[in-house]
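Some structures to go through are shown next.
What follows is a pair of complexes built around chain A, which joins chain B in one and chain C in the other.
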Partner chain A sequence: MDVNEQVVSGEQMLKEQSSKPIKIKLLTKSTIAIRITLLALAFLTVYAFFSFDYKEIDFGEAMLATFANIKAMFFEAHFNHFTFTHALYQVLITLGLAFLTTIFGAVIAVFLGLLAAENLTSKRVSAGIKGIVAFIRAVPTVLWVLIFAVAAGLGSVAAVIGMTFHSVSYLVKAYSESFEELDNGVIEALQSSGASFWQIIFQAVIPSSLTYMISWTFLRFEINFAVAVAMGAAAGAGGIGFDMFMASNFYLDIREIGTITYFILAIAILLEVFATKFKKKLRVNG
Partner chain B sequence: MQADFFARKRKNSLGFFGILVAITVGAIVITEYDIVKGFESLPRAVTWALGNFYPTQESLVKFPDILSSLIETLLVSIAATSIGAVFALFFAIMGSNTTRVNAFFGSISRVIATLFRNIDVAAWALILLFSFGQSSLTGYFALFFGSFGFLTRAFVETIDEVSGGSVEALRATGANYASIIFQSVIPSSVPQMLSWVLFMIETNIRSATLIGLLTGSGIGFTFNLYYKSLNYDIASLVVVTIIVSILLIESISNYVRRVIL
Partner chain C sequence: MTLLEVNHVSKQFGNETKALSDVNFSVSEGEFVSIIGPSGAGKSTLLRCINRMIDASNGEIIFDNMNVMNLKKKELKMVRTKIGMIFQHYNLVNRLSVIENTLHGNLGKKSTIAGALGLYSQEEKEQAVKILSTLGLDEHIYKRADQLSGGQKQRVGIARALIQNPRMMLCDEPIASLDPNSAKVIMDHLRNISTTMGITVLVNLHQVDVALKYSDRVIGINHGQVVFNGTPKDITKDDIQRIYGSEAEDLIFDIGGIHAS
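And now, the complex of A and B:
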């Protein structure tokens, strides 16, 4: 009897539950923010598809043409307007542009990064540098290059200086964040033992964040390679990107673009593999 | 012993810097970079920019046109990122070591993502230009491919980082694959993934400018038009609108990131 009653009351409880569901998910601020962001993105995406300027392109036809193009590009790649050695030389130029940009950027960024780290300078200096850097980052690289091209003429000088601007702003952010991770006690201990500012920097700050700095710099080198290809195409910086632009816009030769794409892919994947190996080695040593 | 250590350390770092200097010199030679001209042109660029590169009263007439092409570019980048994210989510679940169906599909989806990631958006734009011409779709697909490749890699790392233990726990209780994915993996990695998506939108707006220059659409085309016709005042107005929009979107996404993470 007792048992039966309990069963009944249990069923009643279930019924009550089903008619009045328990709120499991609490609507916290973060879940609301996630939902609003997702909804906004979905809405903007749908709106974007309605507002696109399609220019009377038959979508299906263009898709088929793209697939045919990609097939021709990758399976029938050939050399037409240049040779293998020429392409290799152009790739080297692009790599050289990326390297110069990264080195110049890194050297400038170390000093600005030290100034931008809150624990090494005052809050006001740090905020000032960070603000300038955010402003530099907001201008797309290609616009920096084109703006410098007016004064320096199209070519490697404008490309390197324009690209360096962006590298500096990127690396300052990365470096200063890794400098700020340094324990304050270390700096205090060195200060109390009478070490000068530069001694603190070179004996404590830079050695402790060297691993981070190297891996960020190498990451930037990988990015700069892609940027250098793009600058060759868009801003006359030379290198493999320029050949690609010519093949696309003047010779209309999709198969040659295929060859160039193979070159770019090979370098990019090589750099990625090297970076992964390098990071592993650094982690073992560090 | 100690002297030996310092001597070796010094030798190592000297060797490292020597290699760096050698590569730098090689790069300077091969790119025909003129150092003197580089230093010289910096102050020249600044004086030129201060003298010519600012918006004037007359250039404000073009502001509505600039705004409409800016909005077009913004919409293209947002649409490309969110559709790219949907595809990337699928491929990341297939490619992640914790959630993949089997090793074969796992490596296939990783290879596809690597291919898409390593071909730069500028290259995609030039390839797509053949079939889509000067429409928004060229930029859209170029950004879509690039975002898809990058986000797949980011999502794989997020899934591996966030949900290793919980997947194992759910599997032990006998939950099926779908409920593991939808009840554990996706909910626990959504904040991280959203943060990556916001980062990608910021990057894509900058890339969209470049693609616009190459393919003749959006804000990049507008800039190029006035830049090539030497209307620097209007071109600078374009740059200012780009800066304002990027800083605005950065602050929105920084706010969202602070709330959700």
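And now, the complex of A and C:
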């Protein structure tokens, strides 16, 4: 890059100051490229809306109908095919599915993460595991569940295996990166006093990265809860997702979907509040 | 009695960079030896070759009548438990308490499982508390390591090395990141360890005046070679010049002043 040509000496800048405002950012190739890309994307977005094939749908009418649906969904929510306790029980099943797959995933990921951390094993092992894990992560969780459904049949077993699979790959990346944050000097210090590999892992590596590990695991738990809802609908894994599927595709009861959405929302908010409080506490004590 | 003997040791990184070439010296039991030299002279490499954190390319290193270079994994661990090491950046586990960090020095002697789970005997804990209080840290036993000042952290580093009951301590720039007061406290402790406990101390130092003041013997290294080996009294301006190269004239201390004190 020809940055040098554009760099002006401080003195020159001050001389010209009266006439020109001082720039903070230099116009380099990368900033120009970013600006052109953003402009192109903005143009495409606007153009797309004008070039849609709307057929005989009137845009305004469609919007109004959608709002009416949303109003029915959220302001006229009711129970029809199930009761409050049933819904609560089903939400707990979904939570259980998320919890189980997160725990399975976390335990497996700790060991794979140790092997995938470059400072703890060799570069080759680390690159191998990270490569495989990146491939697993690239395929969506739903797809993995459907792949395992071939062997296990649609249902909770396929959902648990598939979700665990994806959780492992996600957490291995997160864990191994937090292990790699550890100062090599600490490992060296314990090695020099004759400590063994597993002693160093449990006495230095894991205590140092525990807070990161916990917050990553919590994030995965939240993701798994959302996925577990989807799995109830897509893979028949049970829980509130299945009720949602029945309400929308079988009973066509839009008001009941509203109720279910409220349940899911409440749990999601509860999880978020709990996670934030927990992390705050960890930061103080841990 | 000779505790450590370094014979014809050299170390090559890659094909060209020679960190150490034909280093020879020996250290007696209980001696306080400083290694001085410019940055990149090979001081840290030399120290790490002794406990095989780095494998030397050639030569032999004899510690307590054993050739460290030929040891197998298990024997090497045994030798390492007898050699304490402290570092410029302390290298403590920041999230653990002072006493946990101190007890880490015992890991090498424990079974893998007991060590990994952090199960220490009452005896070990008592010893840790005793060492910490001699180092003036009795008020900070349960503090987390990252809440301490630099000087306190280095004292925890010393405690971690001392609990090993070492024959020798290797100190890699122990005071390079400390202010003068903390540095003095640390050097006094190291000197004390050598004098009262009879532990051999080998220190890498940047500060020539400190090296001359505290050591029984000074080893000067430049370009991976020993260029001076003698008592602080014997060191001359020429020697300093040979250790630090041509800029020695500008060094910011007065060699005469140290000899006088």
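The rule we apply is simple: the second predicted complex is superposed on the first by the 235 of 286 C-alpha atoms of A that agree within 3 Å, B and C clash if a C-alpha of one lies under 4 Å from a C-alpha of the other, contacts with A are read in each partner's own complex, and residues count from 1 in each chain.
Heads up, the rule we're going with is that a contact is a pair of C-beta atoms (placed from the backbone, for glycine too) under 8 Å apart; a residue touches a chain by one contact, two chains touch by 3 or more.
In this text the structure is predicted, and so the values were computed from the model without any measurement.
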item	value
First, second, both or neither for A:Asn69, with chain B first and chain C second	first
First (chain B), second (chain C), both or neither touched by A:Leu115	neither
Residue contacts with chain A in the superposition, chain B compared against chain C	B
Partner chain(s) touched by A:Val186 [first = chain B, second = chain C, both, neither]	second
Which superposed partner A:Gln203 touches (first chain B, second chain C, both, neither)	second
Contacts of A:Leu282 with chain B and chain C, given as first, second, both or neither	neither
Touched partner set for A:Ala77, first chain B, second chain C, both or neither	neither
Contact residues of chain A, present in both the chain B and the chain C interface	none
Residue numbers on chain C that touch chain A, as the complex places them	51, 53, 77-78, 80-81, 83-85, 87, 89, 91-96, 100, 104-105, 107-110, 112, 115-118, 157, 160-161, 164, 170
For the chain B and chain A complex, residues of the former touching the latter	20, 23-24, 26-28, 30-34, 37-38, 41-42, 44-45, 48-49, 53, 72, 75-76, 78-79, 81-83, 114-115, 118-123, 126-137, 140-141, 190-191, 194, 197-198, 206-207, 209-210, 213-214, 217, 220, 223, 227, 232, 239, 242-243, 246-247, 250, 256, 259-261
Residue ranges of chain A touching chain C (in the complex, touch as defined)	183, 185-186, 188-196, 198-199, 201-204, 207-208, 210-211, 286
Residue ranges of chain A touching chain B (in the complex, touch as defined)	29-30, 33-34, 37-38, 41-42, 44-45, 47-49, 51-55, 57, 59, 62-63, 65-66, 69-70, 73, 92-93, 95-97, 99-100, 103, 134-135, 138-143, 146-148, 150-152, 155-158, 160-161, 226, 229-230, 233-234, 238-239, 241, 244-245, 248-249, 252, 254, 257, 260-261, 264-265, 268-269, 272
